[in-house]
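Every chain is named by a letter (A, B, C and D) in the order it is written, and numbering of its residues begins at 1.
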Amino acid sequence: MRRRIRMGMVGGGQGAFIGEVHRMAAALDGHIELVAGAFSSDAERSKSSGADLYLNPDRVYGSYRQMIEEEAALPANKRIDLVSIVTPNHVHFEPAKLALEAGFHVVCDKPLCFDLNEAYALQKTVKETGLIFGLTHTYAAYPMVKQAKAMIAEGKLGVIKKIVVQYPQGWLSTMLESTDQKQASWRTDPSKSGIAGALGDIGTHAYHLAEYVTGLQTTSLSANVNTMVAGRKLDDDNNILLKFNNGAHGVLVASQISAGEANNLNIGVYGALGGLLWSHENPNQLIVKWSDKASQTYQTGGSGIYPIAQHATRLPSGHPEGYIEAFANIYTNVAHCIQAKLSGKTPTNHQLDFPTIDDGVRGMEFIYKAVQSGKANQDWVIL
Amino acid sequence: MRRRIRMGMVGGGQGAFIGEVHRMAAALDGHIELVAGAFSSDAERSKSSGADLYLNPDRVYGSYRQMIEEEAALPANKRIDLVSIVTPNHVHFEPAKLALEAGFHVVCDKPLCFDLNEAYALQKTVKETGLIFGLTHTYAAYPMVKQAKAMIAEGKLGVIKKIVVQYPQGWLSTMLESTDQKQASWRTDPSKSGIAGALGDIGTHAYHLAEYVTGLQTTSLSANVNTMVAGRKLDDDNNILLKFNNGAHGVLVASQISAGEANNLNIGVYGALGGLLWSHENPNQLIVKWSDKASQTYQTGGSGIYPIAQHATRLPSGHPEGYIEAFANIYTNVAHCIQAKLSGKTPTNHQLDFPTIDDGVRGMEFIYKAVQSGKANQDWVIL
Amino acid sequence: MRRRIRMGMVGGGQGAFIGEVHRMAAALDGHIELVAGAFSSDAERSKSSGADLYLNPDRVYGSYRQMIEEEAALPANKRIDLVSIVTPNHVHFEPAKLALEAGFHVVCDKPLCFDLNEAYALQKTVKETGLIFGLTHTYAAYPMVKQAKAMIAEGKLGVIKKIVVQYPQGWLSTMLESTDQKQASWRTDPSKSGIAGALGDIGTHAYHLAEYVTGLQTTSLSANVNTMVAGRKLDDDNNILLKFNNGAHGVLVASQISAGEANNLNIGVYGALGGLLWSHENPNQLIVKWSDKASQTYQTGGSGIYPIAQHATRLPSGHPEGYIEAFANIYTNVAHCIQAKLSGKTPTNHQLDFPTIDDGVRGMEFIYKAVQSGKANQDWVIL
Amino acid sequence: MRRRIRMGMVGGGQGAFIGEVHRMAAALDGHIELVAGAFSSDAERSKSSGADLYLNPDRVYGSYRQMIEEEAALPANKRIDLVSIVTPNHVHFEPAKLALEAGFHVVCDKPLCFDLNEAYALQKTVKETGLIFGLTHTYAAYPMVKQAKAMIAEGKLGVIKKIVVQYPQGWLSTMLESTDQKQASWRTDPSKSGIAGALGDIGTHAYHLAEYVTGLQTTSLSANVNTMVAGRKLDDDNNILLKFNNGAHGVLVASQISAGEANNLNIGVYGALGGLLWSHENPNQLIVKWSDKASQTYQTGGSGIYPIAQHATRLPSGHPEGYIEAFANIYTNVAHCIQAKLSGKTPTNHQLDFPTIDDGVRGMEFIYKAVQSGKANQDWVIL
């Protein structure tokens, strides 16, 4: 019998940002119940965070290691099914590996890991355990992004020739990390973020989006990797040229010093017959510009929507769905896949439509190749 | 100690639309737990609906009367705190009254009741019981609508002179109720919807929005109330002129035969110094056009946002929040007010910022006066 | 042999606004040459205005009466063909009548005349002389407005059920006429503007647009005619309900106290199958929202454009055409019709697509009926 | 005494596109009169083109050489002042040089010349003759582009850090030159267009725009120069990284295979304090996104406009000005500069604000360096 999936969270204590988003996303559709957590490496903060969340104090732990061990020891009808990892990059690998080894499915924030070796090791563990691993490339979970993917896959645009994906933010246009701003601090700290700043934080989103929407793979890149704010230790502005496996060309911009921009991820894909444009500023519409007829605007929940996009939609057309809903599409698909596993069923293709460990490894490779090209005066580097 | 609010639902069984929205909205922020329900007057359907929602079968009831009685008999630390009513208009009054009389707080869908007498009677019960009553005029719960209200209240626009509020939908532009479309059927059926169709379904939203944003009250109206689809029993297209208590003039359009429109509620308010525009098609932005300087666009979570709007915001600027989030703002405020009551505290003004029984009565009066004017060749009718 | 049309202008001297627009519009396509003018009732100002325009001083006159007389006395191969009247409302009738009686074609600014009697008299003169009379309802000359008209005429939207046309401006939201602002002064002065202010200045544009685009005729109206700025002598804010000859309902808003709005004429037309939206803020696009498929955006010069719209277009898609180009569409069509007459040919339907004396009379009737309704507590008045 | 400037045109005969634009632009403001032309190298076509334009047949010439010679022989009060060159690239240099040597001022379409040597030679001639030379980088003549330039020059955005300029078109996404499409044929023909296709046709516009708006100069570029349509002889898709003289980074995209795009030039400039966005799809607005306050939208003719932008504006806010008006801003400034020269006056800075021979040379250098980088596997090339 189908039951609600039980989740434990790693990170996301008081003062965190993305942990709260994961919780709302997991809660939204009612298929997942947060029952445990190691919300902070500070045991007191973890306890009080758990209390804020109305959790049973017995299941609020002082460390993820403790959570995984103790939950694994609970009876099957009580222990968690799923571990959600919402910590900074340097605390992805170990909890994920431990969770998988203890038999728990995982949802992990991006980028996948602190470094590429961790990524490969984790990929190995996922494959060996056969467990479900979801990565929160949220933007690819918007219904209109899925609509774009489906239209391209069906050949509506013809052969794809050009992709321009941009992710401008402005919040790091000053030396924000010299204040006590928590989000800025770890993202610009090589000991927590890894070898990249903006490349990992937002560049991987843009990169994943480009490959997800088009179904193409990049084959090489030439990256201009810049640090525009003096004193910053990692990149904050990237302008990257891409070549794709079908001969298409691309441009990827990932910048956190584009002052005034909030979170304006956008993509344009041009094929032989027309182009499509999606922007996170208007996520519920997909504009398709045709060579030979009036342009069209598809709306979330509206007419002409493909099943895979409709599957990711809760409301009738005209009722905007946002970032949390997109995030929830990943969690709900993961939950449905776990439920299918529990009942010995095969998930549908729509349920399987979420980013996985392989997307995570690919994102890490992107980071490494871009940094390599950036250091080599922007030579083309093969992916 | 603060605890999660327990909710029972009336209506919202399989195949319903708005019940699911109420559930997602109640779940989003984690302060409310759905624990009981009478999801359908058909006991079997209620049971299977409860099972879909992973509820304890013991607390899935065959009727709202049964739910209210049996829940009231449970121990205080188990029984529901709150009844959510998501049925058609003709099944608002009785469950709401019973719930209140049993000591339960209520969140009710709009319009408030089937008729005006019910509305007055329910208002009396709410006042007598002193319980919390929330009405889901969702649109007024968007952060940028609250921003608009706050800016006007502070006099940024000067004296308000003109309001244009429009709510065009197109889904009833054909005789949809002659098919088995459930949403269309009851909304166009006088025995379920009451004396009005579009007026009650969407006109009350537009009316509430105009008064909420401006802080003004309408004093009279002149309503052109039309039924444009032959054979339909209730209005589907309304064009209404309004006068406000400060001398401002207004236009209210509420139409369900505006073919091609999804759910395009929008409002323009003009004062002595400038005008502001909000549209549900872009709910995270508020445009302010000034007489003497460049126009401004405020963004949810962005710069220049007032505390009451920020209170209704979960995410940083650039992360779109949508319809469910707005809906959740009502539920979460209600939950916080119940929690305050449970712990003997006074809710904050921001927590009290949700539509109440008085807004519901006002909406019912609007319906009645509009219908009266419509029948009297659109004479001005005093509100 | 085809030749350039020679034009004389009445009004439009130094400091005027719309006269310059008429001149640019007449000059744009090269078919009309300004050769004469009575630019001001002040002979000196007329002279210096003519000098600014590089005109032969012999053909710059001290009064329109003089211009018409002396031009009529010139040889046929030299005298003007066309008189352009760009004066305030109270100086439309006489120069137009004199011009027609002298055998000159006329282009006149709107509204047609100072009062309704003048309008009927002028209509009679036009019919008797058989000369060409163009009225500058500019907005109906935009390519995308013509596209809208053509699509509706072809039945693309099905039976039209609803029209919402709004013309908000904000420039008269203060008592601007108490300064020396020339445009405000005459428009709010009953001795120059006639019985209406905003109704005549912009209401007639909105009214004409609604009838032009839909091909329908209004049969009655109910008008809320307001003066919102204390001390003003004419209306500045109008909210009008309309009934059309096919049973459609409409709303017309014409306001000059909508502070912050520049010149935001816009129209929505809804039929059985979908709706279309055009706004002067984005005049080169026409949005069509369909009931059952993705919405479309037509672009000036783009794909799917009807011949009558293409005829009004100079540039390839993506090259914005604006207000002067729309204005020029009227002048150029008038010029082509005069050329056709000179060479004994019949103008094409596309060349005949400009507002005429009959549109002018209809606009004057609209003003009168609206004022009548406004005074009668907004009773329905038959048009 | 101020008089109208007399113009002769080279190219722009029947069937041409840009010649007609030049004529409308020159005519719009009334300061220039087209009196002569060598509209085609085919004398018959030149004659009939001149007749279409109502020109005196005596001044319609069979070649530009003839026009320049015969016009130079006319008396000073009759002969042309200005030669407008609207031919393909390979016919810019010679007529321009002859015109200058004959004492005529020149307005020339872009890119400046067929090759870089011609460009340098022409620059030398302009300097030697001291005559006026205007280049039609139209986009830099839009009022809101000038507003952007003025705001940046005044330091409103702080130090500029990033520029993204894109010029996507789709009209060459098929092998259009294999049909008899005249515009496509010469632009893709190395014998007429020079060493570049899209780079010269639209890349130079984007490049000029970036430098004009920011006041910065590019110091090096790395160009991915592609031909995406098989069989085409010149580039049709370019993705270029830029470095600027103040350390800012940039991206320039110039593509004619972005199917579905019409003429969507757009630019984003980010400084320390905010960013600004201008797009040719909405040329009358300039969006400024601030780090610390609500974003602003400036409108042509609206509030907060700088004098240099107002100088380029004809109409009050809300009256869209388009491509022809921008084009006319160049012609009218050139005309005013010629008039100033004729009367021994100094032109104002606003009148001098048009692209010159130096901009033309810079554009040719851009083409050459981009092609060089593209051939060298996209190495950085110093400008």
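In this text, a contact is a pair of C-beta atoms (placed from the backbone, for glycine too) under 8 Å apart; a residue touches a chain by one contact, two chains touch by 3 or more.
The model shown is predicted, which means the values in this text are computed figures rather than measured ones.
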Chains touching both chain A and chain B: C, D
Cα-superposition angle relating the copies chain C and chain A, to nearest 5°: 180
Gap in Å, rounded to a whole number, between the CA centres of chain D and chain B: 55
Between chain C and chain B, distance of the C-alpha-averaged centres to the nearest whole Å: 43
Two or more partner chains touched - positions in chain C: 261, 288, 290-291, 295, 299, 302
Sites on chain A touched by chain B in the complex: 2-4, 17, 20-21, 23-24, 27-30, 34, 53-54, 169, 171, 261-264, 280-284, 299, 301-302, 314-325
Residues of chain D touching chain B in the complex: 287-288, 290-299, 302-304
For the chain C and chain B complex, residues of the former touching the latter: 157-158, 161-162, 164, 166, 168, 170, 173-174, 222, 224, 226, 228, 237, 239, 241, 247, 249-251, 253, 255, 257-261, 268, 270-276, 288-291, 295, 377-378, 380
